[in-house]
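Chain naming follows the written order as A, B, C, D and E, and within any one chain the residues start at number 1.
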Amino acid sequence: MDLLNAFIALSNYVLIPGIAYGSQLALGALGVTLVYGILRFSNFAHGDTMAMGTMATILMTWLFQSMGLSLGVLPTALLALPFGIAFTMLLVLGTDKVVYKFYREQKAKPVILVIVSLGVTFIYNGITRFIIGADDQNFLDGQRFIMSARDFKEMTGLREGLAFKTTQGITIVTAIIVVALLFWFLNKTRAGKSMRAYSDNEDLALLSGINPERVVMITWMIVAALATIAGTLYGLDKSFKPFTYFQLLLPIFAAAIVGGLGSPVGAIAGGFVIAFSEVTITYAWKKVLGYVMPEGLQPDGLVQLMSTDYKFAVSFVILLIVLLIKPTGLFKGKSV
Amino acid sequence: MIVVDDVHKHFGGFHAVDGASLSIEKGSITGLIGPNGAGKTTLFNVIAGVLQPTSGRVTMDGEDITGLPPHELFHKGLLRTFQIAHEFSSMSCRENLMMVPGNQSGETLWNTWFGTKRIANEERALKAKADEVLEFLTIEHLAEQKAGQISGGQKKLLELGRTMMVDAKIVFLDEVGAGVNRTLLNTIGDAIIRLNQERNYTFVVIEHDMDFIGRLCDPVICMAEGHVLAEGTLDEIKANEQVIEAYLGTGLKNKDKVGA
Amino acid sequence: EDTKIGILLGFTGPLESLANDMAAGAELAISEVNESGMFLDGATVSSERGDTGCIDAGLAVASAERLITSDRVSGIVGGMCSGETTASLQNVAIPNGIVMISPSATSPALSTVEDNGLFFRTSPSDARQGQVMADILNDRGIKEVAVTYTNNDYGKGLADSFETAYKESGGTVTINTSHEDGKADYSAEVGALASAGGEVLVVAGYVDQGGAGIVNGALDAGAFDVFMFPDGMVSDTLEEKFAEIADGSFGQNPSAAGEGPDNYKKMGKEAGFEPTNAFSPESYDAAALMLLAMQAAGSNDPAEYKEKVMEVANAPGEKILPGELGKALQIIKDGGDVDYVGASAVELIGPGESAGNYREIEMKDGKMVTVGYR
Amino acid sequence: MSNDPYGDRGNKDWSVGNAKGQGSIMPKASGKTHPAPGGPFLIGDGMTAGYGNGPDILHDCTIAVDRGEIAVIVGPNGAGKSTGMKAVFGMLDMRKGHVRLDGEDITELSPQDRVAKGMGFVPQTSNIFTSMSVEENLEMGAFIRRDDFRDTMTQVYDLFPILKEKRHQAAGELSGGQRQQVAVGRALMTQPKVLMLDEPTAGVSPIVMDELFDRIIEVARTGIPILMVEQNARQALEIADKGYVLVQGANAFTGTGKELLADPEVRKSFLGG
Amino acid sequence: MTQTVKNTILFAIIALMIIYTGFAQSWNSALLIIAMGLISSIMALGVNLQWGFAGLFNVGVMGFVALGGLAAVLVSMPPTEGAWSTGGFAILGALALGAATVMAAVMLMKRMAPGTLRTLSVIAVLVIGFFIFRALLDPAVQAVEAINPAQTGYLGGLGLPVLISWPVGGLFAAGAAWLIGKTALGLRSDYLAIATLGIAEIIIAVLKNEDWMSRGVKNVIGLPRPVPYEIDLQNNPAFVERAAGLGFDPVDASTLWVKLLYIALFAAVLIVLLWMSQRALHSPWGRMLRAIRDNEVAAEAMGKDVTARHLQVFILGSAICGIAGAMMTTMDSQLTPGTYQPLRFTFLIWVMVIVGGSGNNFGAILGGFLIWFLWVQVEPMGLWLMNLITAGMSEGSAMKAHLIESAAHMRLLTMGIVLLLVLRFSPRGLIPER
């Protein structure tokens, strides 16, 4: 019984949040890694693209809510998501046309594009705040829990509860679907293969009859969709706040790098590595050990390797160790 | 001078070099030929310290040099050129040469602030030497040209020139001839012979052009599938059945169709 | 003649969501004074905003420099965060002899900073709140709590002073750990807090920042049901977000009983901003206090009116509530005495900071209700 | 990369960006074609061209090839042979001159559109997709084809058996000569109407070179014109119907392959004696 | 127009912009911009050395700057009474033990043959060491932090003149850079990016949470200054008289004078560093660096120890950032760990380098001044712009209020637009490399 309690406690505080957070990071990192692989630069504007996409989704959600539309137990935001994606696609395609295209055509070096994307970040940043403001927005509706901790305790009679939020469920399911779709697209379809070819060798892709602008367009559209999905899922699970989305950039990039920049599988693996290293290393084992250890030997202290003050630092140390063993990231950072 | 002893290099499950053993005589110009994918470049990279061998040993004048990094090998007098020219493209041809010699006092940070006199003297000597080499290679008119803006063959000459800036003992040339105009290649060949005779450089040359090999090399080593297939003078090699089958072939089959 | 007041707050940066309602509060006081037409023989007051980025000392100093030396303001309402406040106080305000009244810098360190009598704050030092929190918990019979604080001088200072006070009174703090604002995920923190356990989770953070993230996480995972919310958390947002799901939670924020806050709330809503947001009342009070002091000194010269700030803030005199600034100006003009109470029950003590009247609130049936004052 | 304003030279940091495979062809809007009947199947006529806003590299240079013919361009390094090929393919701005294909003036077309018109090209360098498998490389060669291309692939594998063996290996892991075979194979997959090869035999072993030339002859005999640059000039001229010697961007000698081989001046100056 | 003329014009434009600020706003603001511009330029110089000349991607500038700030505290603050005796020495001991543990683990790693035994013993050493370390450290830290936590609660510094902290800040940063470089350089460069990013976060985390060292997030305020206090000047009759003689009122005179002194100090540092890096870059050393950046493989084959050179440049660049960090903290006269945000201290410096022109020291300096100028000045510009936009709207309309309220966010937006414009018209930066 106590072992079960220990396991439930661990799942409740480590496994489930870790998986949900990992999925969110993975989706974000996928977008970053695609831009890196195909458009060849580290897109610092990704966090704010996510914010823009989420903002559009939120505005649509509010519209639907005011019209009385809803999805029942599921959040209305899912209904608004396609519109958010469409908006973001237009946004990034517009940005590409006005900003990135010029540098691409001039064959500017990646670092220029990186700094340009920083400029785009600033602008998106401002626009988001103009439109929706800097405040926290909670746009979750529908049923909050698939299973709440209290229900679980009542149901099982265990001392520990296991909470499973609707948003966590949606996040995980969506992440799986999106990733599967993406892989099928990249490896099996003509368009996907042409993207890989373009990523490998632009000139030769051109000489094989691949239209580069089309590849770029498809890439941006996929990236926009990924960003909006990731942003919305994150916003549903936590809340929407423009500043946080900018901050998300750091773990997202860490995930993409540790997985191997440019590698989609890596981005996913990286997302989970980051999420779990944040959640597990600073975990206080007191509760779990309290169940597992025999009577009398239960710990007094927190049994915490490091205080949570250092969770970010620790997760970076983990990254460093991973990279020390595999210098190019978990999945050799080659293109797509 | 160089002894390669049972070197293996595996990429995953693939044995690119599979038990190659050979030795290179001091003062010789050794030719290294073999079909595409025989492992010649890989073996070069192992000797030059770019790749770590899976197993085996490389010695130079009796000293074990297996796995030493390239910059240390350079200071031991082992130089190499690249199959694809590796010039410093944004530097002038002269600078490309001037940066080669090691142990320049101007390469120590301290001296750049407090030892300017000495640096200036050294630089003058270096410049003279670089100009001499450019002249030797008949490209003195390119001295100020950025190395990224000269033609493919000239880049190959420049690569060769770098080996002349210091007293190299042994030079590895990886397909100097590929993509180089044959007339120019003859010039390069002359340069190699002169270096070999006048400065006593040892050369190892990978090449697919049999005329070139024939003009320069003795002995010739033929590799296939990661190990040494045959060794001897070019004529001996040319007569070797296995070599013909794997490498030289018997000429065009469709020759008769030409101009039909 | 025009008197300029600088409003130096973190309009960008981690607390950007609070800044606008704070500035609006200060500007409300200014427009009220202008409407009365009573200020310094009919002089007008205008305001100039400056951004501190909240955490960017360099930017704060540059903005303060601009406000003081270029816009020639006569006083500054700000800064917002304690670190940035000391920077602009020491590097700009003091050298130029300008008065700063901060509505929200609550670090205990500011009590002892050398300020030449130029620095005041309408918020109490966190040292005081820590004591109040310990009292509330003891009165509720709670003996064991977990503490999480936002990792800045506010959070850290409050958590420390609370821990000291609570321990002295016999309570146990199972864990006292920080969270960073604006981070993506708080599962790790919630996990550690849950593991440490305790009857109540004290969240010394900001309601639209990491504080909310922690509360959400703890509620979702079922780690804690009851929370204690110090001032950074107490606002309408808190009610909106958590009143229902965190029923029985309680907290306190500097506030006085009675009409003051109510008046202010009404005025703010009319003016079109959110007056209950953290430190918005204090901002109103800071601006009001500054203007009343000028009136009392009969001059907008900081060197003169700095002496009057304490006078108008404290008894004796007629009590002044929000919306009564015109009346107060009149009284002072007539040579009378005022005791400014304002929206947050201003009572300045010692080194010129609010004595700290706290309102104790509790979540009951989806509403945030006031249960008493301390 | 002479005066490239956007470069940051050699910063190769991969976490910033992925310079690998970045293109060098300046994109241009595709213009219209005009009918221009008569003349050879493919001709770059009086071409004057250079890179970016740099100096002219080609000076009034003309290269042509007709159906069933093999035309070979030889010349010293840096003469502008590759530049000429690129100009014919529309990969740089032509300052003067015209390109005509099959009775049409295609000077204004973008490279993609020329591919669609049936031109196939194997560049001198970076001519394979290094991160894709050998088989995928061949598939990409057939990108514009909508029909079943498995037959062609079998033919390519027959021609270069080593490729079949390494079918699933990333092309970037092949040896220099093997890559060259992949590159030619990729171009053959297009089933082009005209095939342009820039030094297809650079770095391949004698036996593979012979086979390549054999195959090229076969292809030419099916009626597909072949335009190629070669440094293995003697072998190449032997099979050429037409030969061009380029020197400093201009036509220096033109004739049949045999004629050029027989010309002592050409032999000495360009074919290495 | 020759390059020199163009550069001179660019610098003149910046100078004019600052002078205009002086007239339109105030000379105090203008001088402050110069002072901070100088510091920014020094940081940009450091990053330029790493990126522009060696192609090393350092995204941890923030961390090195913060280390410089820490140095300012540790050097200049007076030691806290009783802190050393109650716990200071124990803390040092614990730290030494921690370092020894890591060294022991590394030694074991090197000496023992690979295998399970090695792994186990390394882990054993690390775990045991860690627990002893914590056992020693924790009580000592508690003791130190208990000393008057509201004001001190930390060890304090050495009480030396604050100017000494500038080179010390450089040394701190160099030390950290050495550690990172030793592990990260030579591997693929992605690793360097994440390593610097990580180390910067770690440094900030330590700075925020180790209260015994520098009060953590509670900030250390009131650092001693290398220049006189304005108030003292104002109370100094001689100074007041001289100011009056020049027609200044004492307050303005004192604030301006203090800023001028700072500027002189900063400018001296900048000039020395600039001279040093210019010299180095136009020497065989610089040539070697360019060669390495052009083609690492070939440079290695030509006998250049690429890893060692990278390490050297990385340390130098970081040290410069450390010096600048110490200078900045000195001028702020307080250490605020919360200030260190990647946006401000890493990305903004990068923007300076790229906009100014990477690979050119003068470019970096120009970028430092320009971007800092904009960083402070676009806020009023943004407000002005918003007022312009909203001028036509009806008074009191919600839209107008909203736009004016959002004006502060114009800062980033304007920065973004300026950045894009500069890069559009001058893609290699304003003063490109050669």
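Note that contacts are C-beta pairs under 8 Å (C-beta built on N, C-alpha and C of every residue); 3 or more make two chains touch, one makes a residue touch a chain.
All figures in this text were calculated on a predicted structure; none of them were measured in a lab.
Chemist: Which chain's mean C-alpha position is the greatest distance from subunit D's?
Modeler: Of all chains, C has its centre farthest from that of subunit D.
Chemist: B-D versus B-E: which interface comes out with more C-beta contact pairs?
Modeler: B-D
Chemist: If you average the CA coordinates per chain, which chain's centre is most distant from that of subunit A?
Modeler: Farthest from subunit A by mean C-alpha position: B.
Chemist: What whole-number Å value describes the gap between the mean CA coordinates of subunit A and subunit C?
Modeler: 36
Chemist: Need the CA-centroid distance for the pair subunit C / subunit E, whole Å please.
Modeler: 31
Chemist: How many angstrom lie between the centres of subunit B and subunit C, each centre taken as the mean Cα position?
Modeler: From the centre of subunit B to the centre of subunit C is 75 Å.
Chemist: When the C-alpha atoms of subunit A and subunit B are each averaged to a single point, how far apart are the two points in Å?
Modeler: Distance between chain centres: 49 Å.
Chemist: Touching at least two other chains at once: which residues of subunit E meet that condition?
Modeler: Within subunit E, the residues that touch at least two other chains are 51, 188, 190, 193-194, 208-209, 290, 294-295, 358, 409, 412, 427.
Chemist: Note the residues in subunit A that touch 2 or more other chains, in rising order.
Modeler: In subunit A, residues 103, 106, 108, 111-112, 129, 133-134, 257, 261, 307, 309, 312, 333 touch at least two other chains, as defined above.
Chemist: What parts of subunit B, by residue number, touch at least two of the other chains?
Modeler: 89-90
Chemist: Of all residues in subunit E, which touch subunit B in the complex?
Modeler: Residues in contact with subunit B: 276, 279-280, 283-288, 290-291, 294-295, 297-306, 312, 316.
Chemist: Show me the residue ranges of subunit E that touch subunit C in the complex, using the header's touch definition.
Modeler: 24-29, 32-33, 36, 149-151, 208-209, 216-219, 221-222, 229-231, 251-252, 254-255, 258, 328, 331-334, 336, 338-339, 341, 344, 375-376, 379-380, 383, 398, 401, 405, 407-409, 411-412
Chemist: For subunit C, which residues are in contact with subunit E within the complex?
Modeler: 11-12, 16, 19-20, 49-51, 53, 55-59, 61-63, 65-66, 68-71, 81-84, 86-87, 90-91, 94-97, 107-109, 111-114, 116, 127, 151-153, 155-157, 160-161, 178, 272
Chemist: Spell out the residues on subunit D that touch subunit A in their complex, using ranges where they run on.
Modeler: 4-8, 11, 13-27, 89, 91, 111-112, 115-116, 121, 123, 126-132, 136, 139-141, 143-144, 186, 190
Chemist: Which residues of subunit C touch subunit A in the complex?
Modeler: Touching subunit A: residues 13-14, 16-17, 20, 151, 175, 177-180, 182-185, 187-192, 194-197, 208, 212-213, 216-217, 220-223, 237, 241 of subunit C.
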